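Which chain is which? They are A, B, C and D, in the order written, and residues in each are numbered from 1.
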Amino acid sequence: MAKFKECAKVVSQERIGTGIFSLWLQTEQVAGEAKPGQFINLYCQDGSRLLPRPISICEVNKEERQLRIVYRVAGKGTAEFSGYSKGDEVEILGPLGNGFPLDRMEEGKKAFLIGGGIGIPPMLELSRELKGEKQIILGYRDELFLNEELAKNGTVYLATEDGSAGTKGNVLDAICAEGLSADVIYACGPTPMLRALKAYAEEKGIECWLSLEERMACGVGACLGCVCKSKEVDSHSHVHNKRVCKDGPVFLSTEVEL
Amino acid sequence: MAKFKECAKVVSQERIGTGIFSLWLQTEQVAGEAKPGQFINLYCQDGSRLLPRPISICEVNKEERQLRIVYRVAGKGTAEFSGYSKGDEVEILGPLGNGFPLDRMEEGKKAFLIGGGIGIPPMLELSRELKGEKQIILGYRDELFLNEELAKNGTVYLATEDGSAGTKGNVLDAICAEGLSADVIYACGPTPMLRALKAYAEEKGIECWLSLEERMACGVGACLGCVCKSKEVDSHSHVHNKRVCKDGPVFLSTEVEL
Amino acid sequence: MTDMRVNIAGVELKNPVMTASGTFGSGEEYSEFVDLNRLGAVVTKGVANVPWPGNATPRVAETYGGMMNAIGLQNPGIDVFCKRDIPFLQKYDTKIIVNVCGHAPEEYLAVVERLAEEKIDMMEINISCPNVNAGFLAFGQDPKHVEELTAEIKKIAKQPVIMKLTPNVTDIAEIARAAEAGGADAVSLINTLTGMKIDVNRRTFALANKTGGVSGPAVHPIAVRMVYQVANAVKIPVIGMGGVTTAEDALEFILAGATGVAVGTANFVNPTATIDVIDGIQAYMEKYGVKDIHELIGAVK
Amino acid sequence: MTDMRVNIAGVELKNPVMTASGTFGSGEEYSEFVDLNRLGAVVTKGVANVPWPGNATPRVAETYGGMMNAIGLQNPGIDVFCKRDIPFLQKYDTKIIVNVCGHAPEEYLAVVERLAEEKIDMMEINISCPNVNAGFLAFGQDPKHVEELTAEIKKIAKQPVIMKLTPNVTDIAEIARAAEAGGADAVSLINTLTGMKIDVNRRTFALANKTGGVSGPAVHPIAVRMVYQVANAVKIPVIGMGGVTTAEDALEFILAGATGVAVGTANFVNPTATIDVIDGIQAYMEKYGVKDIHELIGAVK
């Protein structure tokens, strides 16, 4: 799993929702190695902001060596990124993390691909690469994004907090309302959602892969900034901690405590 | 002498010598008030560089409200500026400082306008606005810049350290070699040059105005960062210090110690 | 409507935002950009009993995300100051806080005594000055000297006394408690952190004085920690400063326990920084429905 | 050819550049980007006598021009470390410096004793840890504790001992002299400056631990000042760190008197920072015709 630090070039950037941007990057090497569920570190040009911003890989175009990320403007770093346009350069490091295990699925098996809010983007590349029946459950507050693109790779079920589209409520409400079932769950989204899915999956005995989020510094496993609690003593840390950036961000729900 | 903080727009930028750039800025208000010998503070976009960069006003176009500066890339701030192009925005504060006293000259009087190295740019606007006979003495290491533009407003005499143009030596060598004389001296350049001119002018009894340079923070006279030594107790500071940014940058040679 | 008034040692400020000593002169230079009437208070450049010439130049240098200064407390002396600067500030509807410096207790006391007759609202005592009677250390680095100096000043001061603490200490809470024990009406912090910059190409110090005081956004997290520590160690009001550039920076101090906040280095970057901070705090209060700024003071424990 | 070799306590490093403890793991993660053979030394993450779980998350936060961390010295304990990390590093032609932490003298001593048999080149003792036997203060904030701890460690240490100083003190020179008096072979500084960040929108601390250590370019001028002070106060070699991002930053430490320099936070910004610093120092030496790096050590007085 080679990682590269390189200077990528902006191919195009588009605003796809309120404060939500889709950015295609031309890379030399990162795209060639990228897998769904992995992420890249983006470095700000402004020198007052030192730490990289971890953003999930949303789509990969291996032939063109291009990468797509979709992000929400959450603070100064993402605000800086949102001002980039074609030709601008951005330092990136990646691909980072383990990514979703594609080999847990095969033709004939059914999967949930669950994305909540800004956890939706990694589901796009996952839905492109995963085998088997893909039920894509997307939770939004109100405004939809990426849902039409995802619909090309599977059956999309929507949940919105305000009920403006799909089931009113969260992704689990949508699963119940639609009476869905699956052999494997892949999910990314806010911690309360992941916590609920972990309980749901463990109750139903479904294998469930969760992509976690934590504040990071190095992104490569060196600083121990980004740990999550592990159920057992971890083989690397020798304490009940796993590194989200390196051992994750994707964990089996039964391995971690949320 | 009103000062303004505003966001100026780059009209054009051109490289006019090795590491030397000429930048025209569209201002709202600063150009309207600017006088030769004054300067503006430019703020970097990169947040790791907080302090403004003081740069002399090289040319003013009052009708178009445009300002020109000419600067040498000396460090990270000026390197940042050199990357700007048409349409880019830059925060500026100005016009700052007192400027050269134009009323010391009149028709029939003779002036030296002396610029050394990156002290040459303010001589351009000065040469445009000053009355009387203008003998413009320019000192370079080797490569010339702005000399042709200055030649439109007076007689230019060159001095180069390597003798590749004009007198071999410094500006005083050129004055001697050409047998020049003047009623008033206006000068800007490196401290050793100013020190030599101060001695020359005091020996000959010529009124001599020197534009000084010092490290600055506020640029408006508040922080006392940029003082020079004054001969007498200064009426503002009540010690032997004058503020280059506010009481200067132009001082009568007999007022200051170099 | 939001109520931004705060009371420090019996003096009511229309809002908690003031200028940091030495970064705003006596207000005149920045009055071209800032309506001084809008400020909670103007804190003036340090003044001594006699004129001080300050240090040789270069006196300022940029550092990463901050700056360094070694002005050396140049000032025209208290007599000129009382004749010129106080009358200037009295024309405005803001509070006047006079920052005082000295090399020895007698020098501080001479200024404090001279200020007794003046129409100023408070005085702030800069104890980061080296104590000539006690070796290299600054007054503010030794709790015993802080308590003694505070007590001596309090004996003769006619206005409330703010002791301004240096961050170059092992335990800032101990120093603040010493100031409180000496009778201080308030404490302000932080003064600058001692730093050094070397010009590697010229192989010389960037400042003529070799060392200088680091200020600006770079020091903000250190200042917030110290303000939190001090606010939890003393009962007197705390004025927070160090790197305040935005309203958020100021709010960090307030949430950490500061009753007032000062804006210093940011003035050099943005001449209207003080006003932008005031407006930003107001906008924050409106956004979150905070009616009285006291709801925010020390709200994060 | 330029000679970049330096000798610290009898150990010859091929160049003065090492990694700062805790920012480079035990080298494995960054070995994808950096040829470890090129480094003067690898300084490992702090290790204790038993595994430490560290603090709750969030453990890191960005600050202006720097960052803040409260990892809480998570480590797998000395046994795992000796079995896994030391053998990994022994594959490389670089020096191994093991950073040691503890809550009480006994804990440090247990690690130091365990290291006696190991093929490591030096150990670095992190005395920024709070001393559980002496209230809140860190060992490194009290010269008496520093001297005692150093002396105890020196009694049993089989490898040279570097004492790593905390900058959160009034007089770092006094602490360095205490380490020297206790028998330290070298001192390294600075560890992180204690800071705090508050999330004003959520009205909570940015770090679960409330406070954290500030590092990165923002603290560089403070670190340079302290290295200069210490280099002029003790005879043992000094290793400088704090904000080194470029060769110029490293050269400031060297010109101020450091024999070695460590690169920490910069690794997170640029994984090849260590190599870039080494190459940059070499380029500087060539540009100015400096044949031996010793011509630069302490050259600015």
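Operating definition for what follows: a contact is a pair of C-beta atoms (placed from the backbone, for glycine too) under 8 Å apart; a residue touches a chain by one contact, two chains touch by 3 or more.
Everything quoted here is computed from the prediction, not taken from an experiment.
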For chain C and chain D, the touch-path distance in steps comes out at 1
Where the contacts of chain A and chain B overlap, which chains show up?
C, D
Comparing the two chain pairs, does A-C have more C-beta contacts than B-C, or is it the other way round?
B-C
With chain centres set to the mean of the C-alpha atoms, which chain is at the far end from chain C?
A
Roughly how many whole angstrom separate the Cα centroids of chain A and chain D?
35
Just curious, how far off is chain D from chain B if you go by their C-alpha centres, in Å?
47
For chain A, give me the residues that contact two or more of the other chains.
47-49
Each of the following residues of chain C touches two or more other chains, namely 64-66, 217
Is the way these chains touch best called a line, a ring, a star, complete, or other?
complete
Chain C contact footprint on chain D (complex, rising order)
63-66, 68, 137, 141, 168-171, 193-198, 200, 203-205, 210-211, 214, 217-222, 224-225, 228, 243, 248, 251-252, 255-256, 284, 299-300
Would you tell me which residues of chain A are touching chain D in their complex?
2-3, 5, 43, 47-52, 93, 214-228, 236-241, 246
In their shared complex, chain B is touched by residues of chain A numbered 45-49
Chain B partner contacts - residues on chain D that touch it in the complex:
64-65, 217
Which residues of chain D touch chain A in the complex?
22-25, 29-30, 32-33, 45, 51-54, 57-62, 64-67, 69, 71, 74, 76-77, 80, 216-217, 265, 267-272
